[in-house]
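Take a look at these structures.
Each of the two complexes below includes chain A, the first together with chain B, the second together with chain C.
Right, the complex of A and B next:
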C-alpha cells in the first residue's frame, strides 16, 4: 500500500520560474490492480509517479510504502527500494542506444549482482513472452515503436517489481501498438502486480480493465473514481 | 615563522577544518532544535536532504584532521635540525609555549573526530537517521576545540623563530626535572610494566566480554538465556567498559613508553624521550608503535560508544557488526603494539629490570 500524506512538490523553489507541480495531495493506493492517473499536460501526473517511484523527493509531506516512511529514507535505502519494488516504463522508452535488446533488459539488474547466466535467462524469458525472442541480439535502434516499448516493459520487469509505473506508455504508439502494450500491462496486473499508469489517452480506459481512475488538475486531485 | 610546505599544509587543514566545522555548527544547531522525523514539513525535508551534504563535508574535514596529527608530529620531528638545542620533536615543540598544547589539542581533536566519523558511519547505515542528533551534538562540542586548536597551532607556528635556543628532550623527560613529563620519566619500570601488561590483560578481557555479548545476541539457544533487556544492559556495560579501558590503555601505554620502553630502545636508562623513537636512527620504530596504538584506541573508543545503540530498531543489524569489527580492530591494534613493545624490550641489550 502506498500512502501520500499532504504531499507538495515544488520545482525551482524560490526562483522566478518556481513551479508547484503537486499541492498537498493525500491519497492511498492499494496493492494490485490498475490505477490510471489522468489529467491535462502539466497537471502533475508524471510528478506524482516520480514521487511514488522514489525518483524524486517531495518538498513537503510524507509518502509511505506498506506503512514504512519512504520519503525520508536516506538515498542508499531509497535506491534499494526503487530497485526491488518499482519498475518504470517511460514515454520515450529511454532505451540505451548502442546496446542490444538483451543488454538493455539486463541493465537494471546489474547492481544487484545476480549471476550472469540466471540474469540472461530471466531477460530472455521476458523477451520471449513479449514476442521479442528473435530480436535479442539486435541493437535497440532497429526496433519499431511497439517493440521498443515492449523491450522497455521487459526491462522494467527484470527485477520482478511489485509495482509497475508507466508514464504515458502509449503516447508514442499508434492504436494497434498501444492496444498491444496495454494488453501486456493488463496481463501483469492480472498476475497480481500493481500497475500505475499516467495517461490521457482514452484508449487506456477501453483496452484494459482499469480499477481506479484518479484525475489531477493543477497539481491537485480533481476526481477519484473506482471502477 | 618558518615557511615550509608541511607547515602551510597544516595551517590550510586547520583553517579548512575549523571553517567547515563552524559552518556545519549552524546546521547542527538547527538539527538539535528543529529535527522531527515524524514531521513531513518543508523544513524537516530540507534538513534531511542537507544532512548528506553537511555530514559528507564534515567527514572529509575530520578525516583530514586525523591525518594532520601525523603530519604535525612528523613536521616537528623534521624541524629538529633547524633549532639550536633541539635533538628531536621535543625540542621543536618546546621552542615556544604553544608547542605541547597544540600537540595535546590535536590528540584530543583526533579522538573526538574519529568518534564523530564512527557515529556518522553508523548513522548513515540506519534508515531513519538514528544518531543524527547525537552526531551533530558531538560536532558542536568539537567546534570550539577546533577553533582553539587553530589559534594555538597558529601561535605555535608564528612563534617558530630559528634563533631561539631550545632545550633537548633530556631536560624535559629527565627523571630529575619537574612537570608531568619528568614525573612519567621518573616512574619505576617494574610497577609501570606490571600496570602496562595488566591493562593489556584488561583490554583483552573487556574486548572478549564485549564480543561475547554480541555472540549472545545472535546465538540461540544461549547457555543461560538472558532477557532482551538484560542482554542489552550487559552489552552496554561491556561497551562502556571496553571504551574506558581502551582510553586507559592508551594513557598507560604512553606512560610505559616514557618510563620503560624508550630506555630499552635507546639502550640508555636515562633517555626517556617518546619522540626520539620517530628518528631514522631508531628505524622510525615510533611510527610502528604509535600508529597501531592510536588506531586501536580509536577503534576501542568507537566500539564502546556505539555498542549501546544496538537496541535501536534500524541499527539492530548494523551495530553488532560494526562493534564486532571495531573490537577486533582494537584488539588487533593493541596486540600489534604490545607485541612490538615486548619484542623491543626483549631484544634490547639494556638490563633495566634485574
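Right, the complex of A and C next:
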C-alpha cells in the first residue's frame, strides 16, 4: 500500500522559474489492479508517478510504502526499494542505444550480480512472451515504436517488481500498437501486479479493465473514481 | 563474493559497450593518451637507462683523477708529481694519462684522443671508435690525416676499430701511441694531461684526495663519485628540459580529458538518469565510470609503456637519444640494458592514469547524485 500525506513537490525552488508541480496531495493506493492518473499536460501526473516510484523526493509531506516511510530514506535504501518494488515504462521508452534488446532488458539486474545464465534466461522468457524472441540480438535502434515499448516493458519486469509504473505508455504509439501494449499491461495486472498508468488517452479506458481513475488538475486531485 | 565478481563482469561489459558506442571519440582519446604515456615513459626509461649505463661503466674507472690547475683552469701535470703521489699513504697505483680533443673540420666533430697503455701501439698507428670510423668511412689499413700543432699533416694508419659493445665510451675515441700523441700536440716529454690513482681502500678516497691537495695546493683531485654525480646532474638537466616540453603536452591532455569528462554530454547524463531510474544506485554508476576510466587509461598506459620500453631498449631510442645522450656529432650507437623499475611505473601511473580517472569520476558523480526523475520526463 502506498500512502501520500500532504505531499508537495516544487521544482527550482526559490528561483524565478519555480514551479509547484504537486500541491498538498493526499491519497492511498492499494495493492493490485490498474489505477490510471489522468489530466492535461502539466497537471502533475508524471511528478506524482516519479514520487511513487522513488525517482524523486517530495519537497514536503510524507510518502509511505507498506507503512514504511520513504520520504526520508537515504539514497541507497531508496534505490533498493526502487529496484525491488517498482518497474518503470517511460513515455520515450528510454532504451540505451547501442545495446541489444536482450542487454537492455537485463540492464536493471546488472548491479545485483545475478548469474548470467539465469538472468539471460529470465530476459529471454519475458521477450518471448512479448513476441520479441526473434529480435533479442538486434540493437534497439532497429525496433519499431511498439517493439521498443514492449522491450521497455520487459526491462521493467526483469527484477520482478510488485508495482509497474507506466508514464504515458501509448503516447508514441498508433492505436493498434497502443492496444497491444495495453493488453500486456492488463495481463500483468490480472496476474496480481499493481499497475499505475498516467495517461490522457481515452483508449486506455476502453482497452483494459481500469479499477480506479484519479484525475489531476494544477497539481491537485480533482477527482477520484473507482470503477 | 560471486555476486560481486558477476556484478563487475556486467559493469565491464556495459562499459566496453559504452566505449564502443562512442568509438571515434574514444579511439582518438586513446591514441593521444597512449602517445603521451609513450613520450613520458621513453624519457624516464632512457634517462634512467643512461644513468645506469654510465654507473656500470664508471665502476671500472679510477677512484681518483688528479689534475693540475693554473688560474682555475686545467693545466698539464708535471711528470715529477707522479712519484710524490705514489708516496701518499693509501695510494695504490699512479699513472700519468695523455689525452685530449681534436676538432676535425671535415666532419665538424670532436675526437677524443688518448694514449692507452694497455693497448700498445707503434708510432703512426691508431685504433678508432666505431662511430668515428663510420663517419670518416675508414677501416683497418686506411690512413687518417690529422693536422699537428705545428701545422704539419700527421698521417696515422688505422690498425683496429674498437668493439661496438663499448661504444658509449668509445664512439669518438682515437687511440694512439705516446710518441704520436706528443708529436701531434707538441707535448713536452715531462708532462701528462692528468694522473689516475687507485686507492687501497675506496672508502678512504676522500682522505687521500685531501692529502693530495696538501701535497699539491694547485691540484684538483676528482673522485669517481663526483663524476657519477655530474653525469646524474647532466642527465637530470636534460630530462628536465624534456619534461618541460612534455609538461605542455600533459597540460593539453589534461584539458582534453577534463573537457571529455567534465562536459558529460546530454546523452551521457540522460543515460545516467535512465540507469538510476531502472534500479542502479550512485555507487553502481561510479563503479561503471571507474571501469570506464580505468580501462581506457590502463590500456593507454600499458600500450604506451610497452612501446616506450621497446623503443628505448630494443629500438635504439631514436626519438630522444639526440637530446638525452649528448651534444656530440658522433653519437654512440649502443643498446641499453633492459630494466623495469617499480617505483618509476608508480610515478608514471600517478601522473597519467590517476588524474584521468578522477577527471572521469567527478562529473559522473555529480550527474549520478541528482534525482533520476529527469529520465522519466524524456
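Just so we're on the same page, the second predicted complex is superposed on the first by the 227 of 227 C-alpha atoms of A that agree within 3 Å, B and C clash if a C-alpha of one lies under 4 Å from a C-alpha of the other, contacts with A are read in each partner's own complex, and residues count from 1 in each chain.
In this section, contacts are C-beta pairs under 8 Å (C-beta built on N, C-alpha and C of every residue); 3 or more make two chains touch, one makes a residue touch a chain.
Only a predicted model underlies this, so the values are computations on that prediction, with no experimental measurement involved.
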item: Side-by-side fit of chain B and chain C on chain A, or clash; value: fit
item: Touching partner for A:94 - first (chain B), second (chain C), both, neither; value: second
item: Centroid geometry (CA): angle chain B/chain A/chain C, rounded to a multiple of 10 degrees; value: 50
item: A:6 touches, of chain B and chain C: first, second, both or neither?; value: first
item: Which superposed partner A:107 touches (first chain B, second chain C, both, neither); value: second
item: In the superposition, chain B vs chain C on chain A residues touched; value: C
item: First, second, both or neither for A:69, with chain B first and chain C second; value: first
item: Which superposed partner A:59 touches (first chain B, second chain C, both, neither); value: first
item: Contacts of A:82 with chain B and chain C, given as first, second, both or neither; value: second
item: Least C-alpha distance (whole Å) that remains between chain C and chain B when both complexes are overlaid; value: 11
item: Shared contact residues on chain A - chain B and chain C; value: 57, 75-76
item: Chain A residues touching chain B - in the complex, by the definition given at the top; value: 5-8, 57-62, 69, 71-77
item: Of chain B, residues touching chain A in the complex; value: 37, 40-42, 44-45, 48-49, 52, 124, 127-129
item: Chain A - residues contacting chain C, complex; value: 46-47, 49-50, 53, 55-57, 75-76, 79-80, 82-83, 88, 90-92, 94, 96-99, 103, 106-116, 155-156, 159, 167
item: Interfacial residue positions of chain C with respect to chain A in the complex; value: 2-7, 9-11, 14, 17-18, 20-21, 270-271, 274-284, 369, 371-373, 375-378
